[in-house]
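What follows is a short report on a single structure.
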């Protein structure tokens, strides 16, 4: 694997003849990966659109059951974490190892915060029986009317979208933690901070998906 | 050897007013394809021979031929546009039924077709239609996707659960078939038949016993002269006939009617219930070897004796009292009280 | 004199110690399992996909045997439904999609662009292990009540059947990642690792094909992933988006499924076409006619291919407006394929053509893909598709393009590049006999199916009415012939590995870049960075040494096997080659 040569640092892989070539390759690869992630989620967004067109009243009723404050809070948390991720890249570019670590830790902490708030949101849904398909058994304390017939379909879409997004947040925690470990080992420098950049790119995508998800599910 | 071992044509006879239009387009595409195929393969073979490798003869470097490229990129568009346009316009004709079409309701289920005429008359597995008049089928499915396909009429449409789809056809009158004396309308006189297939995969039912689900979900269109069809609607053939009118004399008791209804493409019982002691077990409990009076355990834990009450209730409410060890998959099958009586009479002969 | 300063051919060592090939470089089984060498990874993929091809082929033989006569022949309907589903799922996900890109593409893409490896070698190894993991998951699904829905998993049947839909779709989901990561790797490689002098208009057409394929892999496969994921959740959590009893729409599943699966068929055919480019150029000793048109048609297929998915659903309950749009776009997507066929045929004109086994497969591809493509016109035409949809006509059409097209392309590539990958020759006579059996067997199997379909025989039928039996029996005989051809081919390749003659560096006398390295190549492909001063098809610019390296290039060369020094003579003067700048010394470090 990576080992130093007399004329090239450890991170400079054999098949690239210049660090710039390696960096551009890595960056392109990451953007391609993000492109496919966008397509992955867009399938779900299309499903959302189609089902919403079919059952507008169910969507309105379902959305009303969601906690806008928790969702909004999560939005702020993620936005802030994107900032700290970008700052982590900046610090890495400047070769500031301690600062990079700090920003990475804050980003990871925000991610945990997101999952924590999500845990409360989901618990509430489970407690009220607002679950998809055959598991739908709503029992709301303050409901004044029955929920429309297909509201369980809204919750199916809701759990799929937020659930898959949550899985990506968890993966992001793992990726960022691994980058933090590598940073602490001194693997990054002014000349080589590509992995930090790529991890931050992934994190920005995770944030971006939520930026679309939040208004579509919670606000409209 | 069977004279039909290999077909002598590409398409079956065109038996609806829309079908010959389809065939015209089909053959147009076919001959265009033949021309292109012969042209391309002919050129290939010619070049392969003429430019085969010979000592001392070198290949000539490829040059620019943009004009040629553009010609053969864009000129096929003309032919393709013709195909597209012709196909689309004829398709639209086939998608929109004429205003005077008679409506027939089609219900697909695993694995049989049932029909209902406009006056409420039901049919199973066989559909009588008048020749020379447009017929619109309004279709739905009770479980999974099916598809109603009549090759001779060139029509096909999926039957989708949760929505209605429709197709229409106008069966041709066939003067080439001599029906003899047609002065009095006869409800049972058939002019000709057209085969119906299910053409969207819909599963199977277990062991092979002359029935295998999707592949044997047949039906038949019985085309009649319009007067005979009107007569059929007014006086459909009786389910069973003590006086032997209209059905083979040996075959007209109530139990005989029940036996006919039991078949796979009628009420569909035979698809899942085995009545032959030598046959393989199917998806539902067997109905031979001491079926009546048998004691069965139910999934609910209760025990029941197979009697007429249990049998009638199980047909009307199939998932209420399911025998232990079997899945609750039996569908509710529409049938009249007379049909239910006939089935029970048949089962009592087992 | 324009030459490539490529790695020294095996015949002329100069200064470097005789370096072992990539096969001998690091010995031991473990070194293969942890390799980062794209060639070794490609060989491992090759072993995997050939195994899966055999398993899928057995399924096909079982299907055709059952269809010898109406009624029960060798198995029950439930089993039959599982067998045809497995044939489709294994062939599509475990064989055809990875076949050319992951096996041949991995080995040859870096060689053809003068690179030492792909951009992300570790990701490449990971892609392979994901493939293996997905395959194991698939096998697990097969032995635990194998799925019987057809490889298309249509709802509601796939949410009602109690067969292992969840595990099989999970396997396909996993395999999708292998496909995506390969695509990411290839695009990055082609963009950033091209050798100096290798500008886009000089890329071998195989590389253009891999590029277009990779675009589709990256953009389309995630949609399959989400579709399968939703199907799994529909089964496990009863979501209710496809199941009408819970308020869902079964046709929505079809839209989702075909949005991936139509581009997927371009993932399958583009690599086959990519290989055919190389073979026809080499065996006609001529640059492919209309190079830029062929390159751009690959990209056009990739892009337009995303717009036509609805043509699988003309009778499924879509609106007439939708059918209009999809039919029109489907005719549009026919054009790039036609352009390629015309260009390949024109390449033969004034070429110098020889007919060794790889060329036989490439020429057969032309014929069979033409038939497959033309029969697609019937299916794209709305009124005619109403009659032909979901009949054996469709089965025949897609087997002509996928087997007559992609598989023949793959086999041609396997024969063509076998000496480069393994450094051994195979028995050409056996290869030709196997080709004959495969060609005749294939046509005998599938041509009658056009007639079965136009006469109304539906697909996925365990049983059939007696008047269809004749055509079914012809088809079954063809299947066994095809199978025999493959067995003979397997024997021939095994014999080559065990006791085949050592291959010269460039047995076909190709001007292609990959032939300028040793056969088999050294681990790092080249001793020094090559600079491409001519195009890969510039036979008039290549030197005798590059093409023949002391090997007899007379007609029947490889069969005659004589090896002797060839008197050098100056290459013929070129005249009007575009971009064929013999003097171009483009030494830019990066593109």
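So that you can tell them apart, the chains are marked A, B and C in the order they are listed, and the count of residues begins at 1 in each.
Definition applied: a residue touches a chain if its C-beta (ideal position, glycine included) is under 8 Å from a C-beta of that chain, and two chains touch if they have at least 3 such contacts.
Just so we're clear, the structure is a prediction, and the values are computed from it rather than from any experiment.
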Remotest chain, subunit B as reference, centres from CA atoms: A
Most centrally placed chain - per-chain CA mean versus overall CA mean: C
Separation of mean Cα positions, subunit B and subunit A [Å, integer]: 50
Centre-to-centre distance between subunit C and subunit A (centres being mean Cα positions), rounded to whole Å: 35
Of all residues in subunit C, the ones touching two or more other chains: 248-249
Sites on subunit C touched by subunit B in the complex: 71-72, 76-78, 80-81, 148-150, 154-157, 160-162, 244-245, 248-251, 284-291, 293, 315-317, 320, 323-324, 327-328, 331, 334-335, 338-339, 341-343, 345-355, 363, 366-367, 370-371, 374-375, 377-378, 380-387, 389-391, 451, 454-456, 458-467, 469-471, 474, 537-540, 554-555, 572, 574-578
Residues of subunit A defined as touching subunit C within the complex: 1, 13-18, 20-21, 24-26, 28-29, 32-33, 35-37, 39-44, 46-47, 50-51, 54-55, 131-135, 149-150, 152-153, 156-157, 159-160, 164
Sites on subunit B touched by subunit C in the complex: 2, 4-7, 10-12, 21-22, 25-26, 29-30, 32-33, 36-37, 40-41, 43-44, 47-48, 51-55, 57-65, 68-69, 72-73, 76-77, 80-81, 83-84, 86-88, 90-92, 94-95, 143-145, 147, 149, 151-152, 154-158, 160-163, 165, 195, 197-208, 210, 212-216, 327
Partner subunit A, residues of subunit C touching it in the complex: 36, 110, 115-121, 123, 180, 183-185, 187-189, 191-193, 218-223, 225-227, 229-230, 233-234, 237-241, 243, 246-249, 252, 256, 259, 524, 529, 589-590
